[in-house]
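You will see two complexes here that share chain A, one where it goes with chain B and one where it goes with chain C.
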Partner chain A sequence: MKYLTEFRDGELAQKLAAEIRAAVTRPWAIMEVCGGQTHAIIRHGLDQLLPPELELVHGPGCPVCVTPVAAIDRALAVAAAPGVIFCSFGDMLRVPGTREDLFAVKGRGADVRVVYSPLDAVRLAKGNPARQVVFFAIGFETTAPANALAVHQAAQLGLANFSVLVSHVLVPPAMEAILSSPANRVRAFLAAGHVCSVMGYHQYPPLAERYRVPIVVTGFEPLDLLDGIRRAVRQLEAGTHAVENAYPRVVTFDGNRAAQAMLAEVFEVCDRDWRGIGTIPNSGWRLRGGYRRFDAEERFAVGDIRSAESPHCRSGEVLRGTLKPNQCPAFGTTCTPRTPLGATMVSGEGACAAYFNYGRLTAVGTERATCPT
Partner chain B sequence: MCLAVPGRVEAVFDADGVRMGTLTFGGVRKDVCLAYLPDVGVGDYALVHAGFAISQVDEATAAETLRTFAEMGVLADELGEEAG
Partner chain C sequence: MPDLTPAAWTCPLPLRDYPHVVMGHGGGGRLSADLVEHLFLPAFRNPALARLGDAAVLPPVPGRLAFTTDGFVVRPLFFPGGCVGDLAVHGTVNDLAVSGATPLYLSAGFILEEGLPLADLGRIVDRMAAAARAAGVAVVCGDTKVVDRGHGDGCYITTAGVGVVPDGVTLGVQQARPGDAVVLSGPVGNHGIAVLCVREGLEFETRVESDTAALTGLAAAVLAACPATRAMRDPTRGGLAATLNEIAAGSGVGIEIDEPAVPVDDEVRAACDLLGLDPLLVANEGKLVAVVPADAADHLLAAVRRHPLGTRAAVIGRVTDQHPRLVVARTAVGGRRVVSTPVGEQLPRIC
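Showing the complex of A and B:
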C-alpha cells in the first residue's frame, strides 16, 4: 500500500503525542486489546511519548498467548498419533504444553508442518488420501474465517482425512470479562482493528454503554495508534463513552458480511478456556452440526487430557492487564524467548516477548524516550 | 498472529471452486483466497491474513486520514505545545 511509510511519519507522531500530553489532566488506563498493537506500541516506543498519567495496559489479544495449555496438550497427542500430518501456524510450535511443545514432538519424528494458510492443509489432505491431516485452528475473529472456509472446502471435496483441532476465541466477551472484574482499572479500549475488519464494530455500542467506556477501533501503524489514544483521551476527559472508528480505511460498521456468513455456517458459540484467565462464557467457537465430523478432538479422542500450567508463569495477570511483563520475577531470568515459561514470551505479539525484544528490561517508566521510525 | 498486511491484486483465478488472487506485497508475490471479497479485482488493495483477503483497503480514506493528521499537526503547533 503506497501510504504505509506516511503512517509512520515521526514528526507527525510527535505532534499527535504533544496533543495527547496537552489534553491529559488526570490518570487514565487505556487497554490496547490486540497483541499486534502491543507489539507496535513497544517497537516504536509510543508508550514513551505519552504523559506519565496515561498508562497503556496490554490486553489479551494474542491468540497464541491465550490458547489454553489443554489445547496444546491435545495438539501434542494428535501430532504424535501414527500416520498424522499435523499442520499449524509457525508460532504455535514453541508454545509450551504441560510437559513439552510441538517442536519436541516433531523432533521425535512426528510429521508436524508449518503452513501459511489452512487451505494448504486441505490441499495436503487431498494429496495424501492415506494419511490423516489435522489443522490446529486457533485464533480470533480475524483468523476464524480462513479456518471456516477450510472446513467448508473439505466438506465440499468430501475429504474423510481432514480435521481441525479448534480453539477459537472471541474478543468482545474477553473485553466484557475484563470490565466486569473487580480488579479492573481499564477506562477505555483501543479495539482490535483487524478483528473489526471481519466483524465490524456493531457489537461494541452496548458494551460502551453498559460499562461507560470509550471504545476506539484502532489500526496498527504509529499514527493510527496515537490517533486512537488521542480520541480515547478526548472522550475520557470529556466524560463521554462512544464507539469511534479511527481505522476507516480498513474497518466498516458492518464488517465483512461474506466472512460472517461463512463463520455462522461452520461455527457456533461456546464457552472457552483462556490460558491464564480461565473460562469465559460464550467466548469461543466450535464446529456446528454437520461440520462436527471434522472435529479432531473427537476423531482422536483427546478431549480428556489433563493439563497444568507452569506455576511460575504469571501470564494470566499480564493478559488481564494487572501485571506488566517486567514485574514478573521470571522475566528475563528463567523466562526468555529462548527458554519461555509462558506463551506470552513465545509469541512475537506476546506482551512479555515485546518487552524483552525491545529492551524494556528495567522498571516501567525509567527508559529513555525513543522516536518512532 | 492477528496482524494482516496490505497487498495489491495482480490477477484473479479459480482453484477447486474457490476464488483466488495473486497479490504483491512490496514486490513479494503470493496467492491468497479472495472468497470473502467477491467485488475486489485487479488493481485493488486488500488486507491479507492467514492466506485470506479479509478487507478491501480504501486508498481515498487513507489519504484523507493522513491529511487530517497533517492539519492536526499544524493545530498542535499553533497551541504552542513544544513537540518532543
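Showing the complex of A and C:
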C-alpha cells in the first residue's frame, strides 16, 4: 500500500509538473504507448497540470482496442459453438465484433465466463472433460507469458479439450510503424512499463537511435508518469535521444528471462492485424508448431469469417496518434460507452473511453461536455 | 439471538426428512406448511405473520406511507460480512430509511432452487430475522416457490417494505442546491469487493468484509441533526458514482468531490487497483450520502460520526452551479476528472 500513496503524493506531483512547465520552450508531442498510462493520465487529471505546448498523444497499447474485429468475430463464433465453455478477460465482453459482442452471445445461451487468469481456464478444462474449453488469448507482451504457460500446462496435462484463440501483439513493431509513418508527429515515447517488466528494454536503443527519438520506460502511478514526461521533455529540449528507465523498481534492461523463455517455447513471431491500423509485419505471436493442436482457430475452423468495421469509426487514427478522440465527429454523439462504434470507446483503457469518462470536463466543447451517457 | 453457526443449526423433525429443498416445498401442500411452520414462523415470530392469512392485516399508521421493493440475487449466498438474507432486509430497509421513512413492515418472497441444503436456508432465514429485529421491522408476510435444480442460484429473495414518513420530511434528489455540502457516512467499495473476492476465488492478505447494515438509525440521526437535509441516498449498485450522478441529474446541478476525502479502505483500494476497478463505482450496502446546506455540514458530520455506522464519515464535496449534471472529482495530484455513471457492471481489465 505504501507504494500507492507514495506515488500519488499531490505536493510532489505539483513540483514535477512545475519542473515540466519550466522546461518546455516549444511544442512537443509525446506518446504514452500503453492504454493503462492513458487511463491513469486522464483519471488523475495529469494532462491538466501540463503546459499547453506539451501534447500527450495516446498510443496503440490497449490490448482490447487493437484486437482486430475478425478476432472478435471468431471468438463470437467459437463461443456460440455447442458444448463450448468460452473464457475471456472481463473487458473483452463488450467489444463489438461486426454485428454483436460476447455479452449478446452469452445472452443467447452461450457459456461465456470471465476469468482472472488463463490458468483458471486450464482448471476448467481439467474439471469438464466432456466440454471444449477455449481461452481468448489476447494482449501484449504483458499477458502473453501467462497465456503461454497455460498452453504449456495443458500440454503437460495432456488436455485434449483445451485450446486458445490467439491474437497477441507486440509493442516495438507498433512503435516502429508509428515512427516510420509520414504522418507521424510523435517526438518521444513513454514506453509501457508492464511490457518492459517482461521483455526488458534492450529492444529500444536501436529504435531510439534510428529515429532519433527519446524513449523513457514509464510506470503507471501519477508520479511515475510525470517523471517519465519530465525526462522525455528534458531530452527533447536538449536534443538527445537516449533510452531511459524511469521504472527501475519493476523494470530491468534484460527483463524477466523465465517469462521470455516460456514465450519462446510456446509462441513464434508472425505478422498480425491490428484493429484500426492494419497488418504490421512481425508484430504478433502465434502458437509454435508443437503447440498448434491447441489453436482454437483451427479446431473450430473459424479462420475464414468475414468481418467489417463500422465505416464511421476512426479509432485507427486515434490509435496511430493522428486524431484526438474528441476530434472525431462521432465522439460523444453516435459513439459513447453505451453505444460504442469501436473498441477504443469500449475498453476502460481505450483513449476514447478515457476521454469520455474522465476528460469530458475540459477535453471537449461545452455542448458535448454535458452529453448524457 | 439465534446461533448463526452452520453446525449449530438443526431442522425440527419434519424437515429432517429432506435435508435439501425439494419441489414439494413449494407445492403448497404439507411440505410447504412444514417449511412455514418450522422454519419461517419461529424465525420471524410476530402476531401479524402468525395469523397466516392471505394478507397481513396491519394497524393504521400516522403519516405518509413509503413503499418499496427489491430483489436479491447475490452469488455466493454467503460472503464475508453477510449473506443474501441480511442483504434482503438491509436493502429494502435502507431504501425506506434514506427516503426519510421509519421502516415498519417487510414482506419476503423466496425462490428456492431444488437441492438447496435446508441448513443453508435456515442460516439465511435466521440472519434475515436477526437483521429485521436489529432494524426494527417485522416480516409480516411472505411466499415460497421452488424451481428445478439448475434454474436458480440456490436462493433468490424479494422483499417489499412499508414505512411511514414523518410530517415535514421531504427528501429528494431534485432538491440539491449550489453551495450544499455532500456528506458520506464511511468508506466505499467494501461490499462489492467482498462479494467479488469470494465469488471469483480471489485471495488477498486481508479479508474484505461487506458493509451490509441497516441504515435506519443513521438516517434518523441525519434528519435529527439536520431537518433541512435536501437529499439522502444509499449508494448500492453503481457505487457512489451512480448516486452522485443521480443527484446531479435530478437537481440539474454539478457536484464536485475531493477524491482524497472519499474514505476507501486500504484493502479495497489495493484490490481495485489490481483488478482495474474504480472504488467510486463499486457496490456498497450500508453507506449513506446526504446533501445538506453548507452551514449545517459540520454539525451533521459530528452527529453522523457519533453513530456506530458513521465513525469515518466525511464531507466529500459540494454542489456547484458549474458543469450542471456532471460529477467532477478533484484528484490527489491536483487534476480534475469527470466521474461517470457506469454503463453496466464494471469489468476487470485484462492487465
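Assume the second predicted complex is superposed on the first by the 358 of 373 C-alpha atoms of A that agree within 3 Å, B and C clash if a C-alpha of one lies under 4 Å from a C-alpha of the other, contacts with A are read in each partner's own complex, and residues count from 1 in each chain.
Throughout what follows, contacts are C-beta pairs under 8 Å (C-beta built on N, C-alpha and C of every residue); 3 or more make two chains touch, one makes a residue touch a chain.
Since the structure is predicted, the reported quantities are computational estimates derived from the model, not experimental observations.
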>> Touch test for A:R8: chain B only (first), chain C only (second), both, or neither?
In response: second
>> By the touch definition at the top of the document, which applies to A:C328: first (chain B), second (chain C), both, or neither?
In response: neither
> After lining up the shared chain so the two structures overlap, which partner does A:P63 touch, if you call chain B first and chain C second: first, second, both or neither?
Replying inline: both
>> With both complexes overlaid on chain A, does A:H194 touch chain B (first), chain C (second), both or neither?
In response: both
> First (chain B), second (chain C), both or neither: which does A:A259 touch?
Replying inline: first
>> Contacts for A:Q156 in the overlay, against chain B (first) and chain C (second): which applies, first, second, both or neither?
In response: first
> A:Q48 contacts which: chain B (first), chain C (second), both, neither?
Replying inline: second
> For chain A, which residues belong to both interfaces, chain B and chain C?
Replying inline: 1, 4, 9, 14, 17, 36, 63-64, 89, 91, 116, 139-140, 142-143, 194, 347-349
>> For the complex, give me every residue of chain A touching chain C.
In response: 1, 4, 8-10, 13-14, 17, 36, 42-49, 63-64, 89-94, 114, 116, 138-140, 142-143, 194, 222, 226, 337-338, 347-349, 356-362, 369-370, 372-373
>> Applying the document's contact rule, which stretches of chain C touch chain A when the two form their complex?
In response: 200, 202, 260, 266, 269-270, 273, 275-276, 278, 323-326, 328, 330-338, 340-341, 343-344, 347-351
>> With touch defined as at the start, can you tell me which chain A residues reach chain B in the complex?
In response: 1-4, 6-7, 9, 11-12, 14-19, 21-22, 34-36, 39, 61-64, 89, 91, 116-120, 139-140, 142-143, 145-147, 149, 153, 156-157, 192, 194-195, 197-198, 220, 223, 227, 248-251, 256, 258-259, 262, 347-349
> Contact residues on chain B for chain A in the complex?
Replying inline: 1-4, 6, 8, 16-18, 30, 32-33, 35-38, 45, 47, 49-52, 54-55, 57-59, 61-63, 65-66, 69-70, 72-73, 75-77, 79, 81-84
